[in-house]
């Protein structure tokens, strides 16, 4: 395929120029909300040298003379948004997998570009085809393509690939699918798939260690609960096996997070001492017990939630009474002062899928939280509706995620020395969550992003 | 329905005579294998007065003059067989449930009569519709019908009814089934169904206590693992919830047993301190870790297994590779000296089901272990094939079960004071397991059973 | 079963008295609409002797002195309603079939009583289990039970039984169903099921002749089109085979009717020279060609339609665009002056079915046309909405059906010598179709029906 | 895609040389079986100039001096084989359709090359995506690629596309499939899909005419019977509509053939006066009536059959009792002297499909008749087993097909003036059908085919 190759060459050239120039920029005159939770700086100044922030301050801040000035009067400067849970290859149904077999890195880049275009400068991919995600991440980090920064986990330890019973399996069937499914599932599962659920603690330890030693993942995720239709109430790994998995992550210096879908699952995750819990408000038909909420808040364990907006919930009503439980849980966690982080579980879906009857019966109009590029805006609106204070919401989408994943040395706030990932908004995000949509400029690694050009190659998003 | 009513009257009459007579019997001249594991008594004598054994000994044992003598020269007298796991209402698919709605006690009695006819004088029903089983049990205990003695657990705590996803659910569908299924499942589930899996420990405690307080169950069974297609590897209750369930059983003086289907599940059951584990060799794709085998043997936790005969395994081969794991486990448990008990998980199935393509594709010819009345013979042959010593097999089918369920004061051996449940065989069970089929006489409660008349009412077994 | 037996004895007694008495009745003072289409007789008189009408006329009509008078001043007397298409055993899904196996005659009687209670004195059952329907028909004709008069066809030649692919097959599955389905389908199919579709004309002739020679059916029905999901557009029998079937019906003096579901099917039915066509407006996605409409009207071939009310259509909209075609067809047939007959395709359904999700997604609230006892009221309202004149509608529900089935010597109008089947309504059916509901009295065979007592035995309709 | 482009250039070059050279060849010394049914010519000579045969005769035939000689002593020269029924895009299940969307012409060429490699120089594609087949056919005819000569029908009038209920529909499902299926089915159906079954004769005429007027099809095929699971016994078009379809084909000078699957269907096809009938032995559960066999033989209507070898039938036994009927029919047709033509219904399937459980349960090992490139060999063996004489079999595979499709002016025999399509075999096809496999040389259009290089681009056949 010559076209992408050509594009890569092109990017390399442009990038080289940027980097060698190490241009100095100054964003001047805007209200700076630095992501630390303090009072915004009116008429602020941010100086950027190369990829990093050289200074942040009030209007008196010294601006190097060579700096190119970006005027932001009447505007708001905030850290680049982060998303603690995306799946860059989420339209992992057979048709898409087969159509793009061997090209999932391209799908991942398309998704990461869609995220960046919409102000999300860093994403954490918590389930995907490891090798392809690594390829995409590395291409982005090398500056070969411009897209959201990727951190990745590969498979969720204990779960199957996309065409297994744990994901699309129950919805699909096709005469050639068993052979193809095995091949495709293996790209996700590698050596940490559902077969681990039959193993002894030490056998699991050995597989997880082997998986980590491949050296490519940025964090580890494992299944506390099952992930499949009608099995969400079950527990995947016994406590002593969970302990082993957490030990292996620690040993390799990796953060470890979990998939849980029941109250007991959440309790077990807390007990196992994990660093982050995905969709921790998913507890089926029973709300999280009050003492567990308290514990989560007390220990400030980062807690990703997937709140629905009032509008989306209205669409679902009568179809799923577990949504009320989630809503109760979200409000309880917010009230208790839990350390909430923005997480969308979102991805990019093909028009073939989004126009299907299946999808229309399943997803609220607009795609709810699942549509990457839109989902973080919905998230911010939803938590506002549920009573989270504007500044808390901003931290949930920036600093808290950086801390949760241990990347706060470089990311999450607008501070001297940090990587210059930021947004300029036309309206204040502290006044209304809707204002996160008023993106005027996206900067990543100190470079102004040409949003209109993203995604550079339209695969799934092509009409 | 006048017919059964008439029969009941008839039985009452006969029975009344028997009981008032308190007939004295003496079984004379046979080889007595008393179920305690010692050397058989050649030319032995057993004296029975009323329902109980008055004496057991050699040929010198005093026989009351009024005793009616049963000559057993050249024959073998053993304790009545026990089955640690049956389901008297197991053909719990929609057609059978609907056809016999409101009459499940009759199905249970038919099944218990089939068991008795084939030498099983006591059965433990570990999953069924409680109210109906209670009715059947009580009718038998009151002497209103002659059938195998029933002990029952009702539902398996945490599992759904027969038409839920946990059992026939995935195989069935029908336009009117959702309403009917709800009604029928409730007969099994009562207040201890799958909704407990979403609850906190104290909520589970409260439901289990309420269930036990109904006052009718003889032992408690709960799900450590899931029970459904493709979900067997999952864990149902967290350890702390299991603890609560065991506590509530203990508090009520009930034995507690488990359903497990994975190595970790088995480990959790052992850790929870249960009294018996059903099909404990079911560990999916991985054999039981050696240390768990050791632990089970060391603590002598009664261990029910469902061994397939070589012939049945041959039929299955290529269809299910988990059978090899089971075989390995069974041999390992036997070798380690675990306290094995006979358990068949069997029931009675209608000809409509047994002649169906579904069944023919699923069950080996002859019905394998699942056919009540046959299954215990297969069991005894299978353990013989797997290396269990003849005397051990006999204890596994008698005394060990009585001890496991705490009913050894009355049942399980041929000893003075115990209830006179016994079989006279034409050939020695210590020479070949096949000889258990050579039943000459079945006695229960000191009464000789008219085997030819059982079942007294043919429902499912009617052609 | 002793209860029904007792009832039968009781009925026989009462009946015997009625018949021997040959009571003379006179309905006096009402407006008589005799079903011949002429002007109603105000202040009319109908004299009934025994089961038959002795006189009909104005107020001057001579009334025998011994006559018991029924005053009908301000009321309306019309012929008993007829339904050209019912299925007395229509809830023929597995659960109902199994629950009542061997008792389908009781279900048929329950349905016929529900019809009678609601003013339908004669029904034509065009698909059902022949032997059971015969039993029900004969019991009614013998006066053993009071219910709507039944004429029956047995199977639709060429179609399968209720659990075949042609009916409930695609919706159901169950492990034991293949064996049960075969047994149950055979009750409908006998020797004229789908296997005829593979046969040569002379082979079909031989089977149809054999079927007719059983001697019990009142008319013959055959499939011109397929009857099953997604196959309605296909043709079942070739024209020359249809010719053979019609010949055999003629030879036996039977009327012959058809099942059609496409424009070409309708054309073939007309060409085959049948006596009545069921749901002749069912032509899938294309309206009946204008020339075929003309032909049907010209030849006055009785044409049964199943019109939906505006209300019911509103519920369906968006779910099935073939309904618009039906509506167009119905209006075109009415406009062209086709000989329309009332036909409902209705039956009795169990609460288990009617409360199921399946049903709720399929049937409009109120049950649309399908609910026996209600459906004829909906039919009359629907044709009124579609522009049929009130008197035409009344003829469609009475005389036209009697003529179509060749029973007009005895039934269909209020004329001297005919069987005294009639209704007294409180409001005029010529003013509003809704007034058919104002039933004050139902008379069948000259006997006033005790409507409140019907159905005498509640099976499917029991809550 | 640069690779195929390069290949095309390459072929054009080579071809240009061939054509301009108009090389003269002489095949010398072989036994010539010219396809007219007469005695083979021993030590024969065939002279070829350019694409056509210049002379055929005994060893005395004059050989131009410039002729390049191909020695065939001890070998057998026969006309190139023809296949009256293939589907060049037959692996039309979702995975393949999606993977190669937009490239079906490449799949068709791959299939046509596989055919050519195995001695089939001409194929008739009777169901496929018209536009892509046209593209493939034209590329081959233009000499841009070397492959079997293609004649095509496009859709089977009245049937749906590959993902409709008529083909893969019932086997597949997938969340995005409804939208994709609609798009993909339309490539087959165009304006002559299943909606025609609802139309009046004149409406059908108009659509068929419009379809033919697109100008690209070589013959027309329509559905007399339905094509789908459980619907094969139904008739698709009424006789008068069939008449219209045949008229429109005649009007355009096209041969017309049919899909039939029942005895009555076959009779209707004969009555409609079609030119060829595909798989005319498929008559479900009843053999073709004797008079219809006679009629077919009398009129010498070309009759394509799909005989299974004894070996393949053995595999199927117990799975499908309709195979016995087919066998009876085939033997009856052969005995009656019907004009049989070789027809395989074959195509190329991906390893993903052929390794699937679905396939393994469905197709006999070796792929039976369905595997293009193999199927014609099986066909020839099968008819030999069923009693067809060797020379008849050879005519069935060559001349009879050419006549049936009206292309015998150019193809089908080895005669002066005809296109030089021929095979040289190492062993005599008149001695054993197995000898058709002994292909030594394939010539098409007077060019020796480099069999080893085919297919030139491996798509479906790639491992």
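As written, the chains take the letters A, B, C and D, and residue 1 is the first residue of each chain.
Here, contacts are C-beta pairs under 8 Å (C-beta built on N, C-alpha and C of every residue); 3 or more make two chains touch, one makes a residue touch a chain.
Worth saying up front: this structure is predicted, and the values here are computed from it rather than measured.
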### Task
Could you work out which chain's C-alpha centre is the most distant one from the centre of subunit A?
C
### Task
For subunit A and subunit D, let me know how many angstrom lie between their CA-based centres, rounded off.
54
### Task
Take the average of all CA coordinates in subunit C, do the same for subunit D, and state the distance between these two points in whole angstrom.
53
#### Entry: Approximate Å spacing (C-alpha centroids) for the pair subunit A, subunit C
64
### Query
Every touching chain pair, please?
A-B, A-D, B-C, C-D
### Summary
Listed in rising order, the residues of subunit D that touch subunit C in the complex are 165, 194-195, 197-200, 203, 226, 228, 230-231, 233-241, 262-264, 267-268, 283-286, 289
### Message
Quick check: in the complex, which residue numbers of subunit D touch subunit A?
### Response
2, 93-96, 98-99, 101, 168, 171-180, 350-353, 355-359
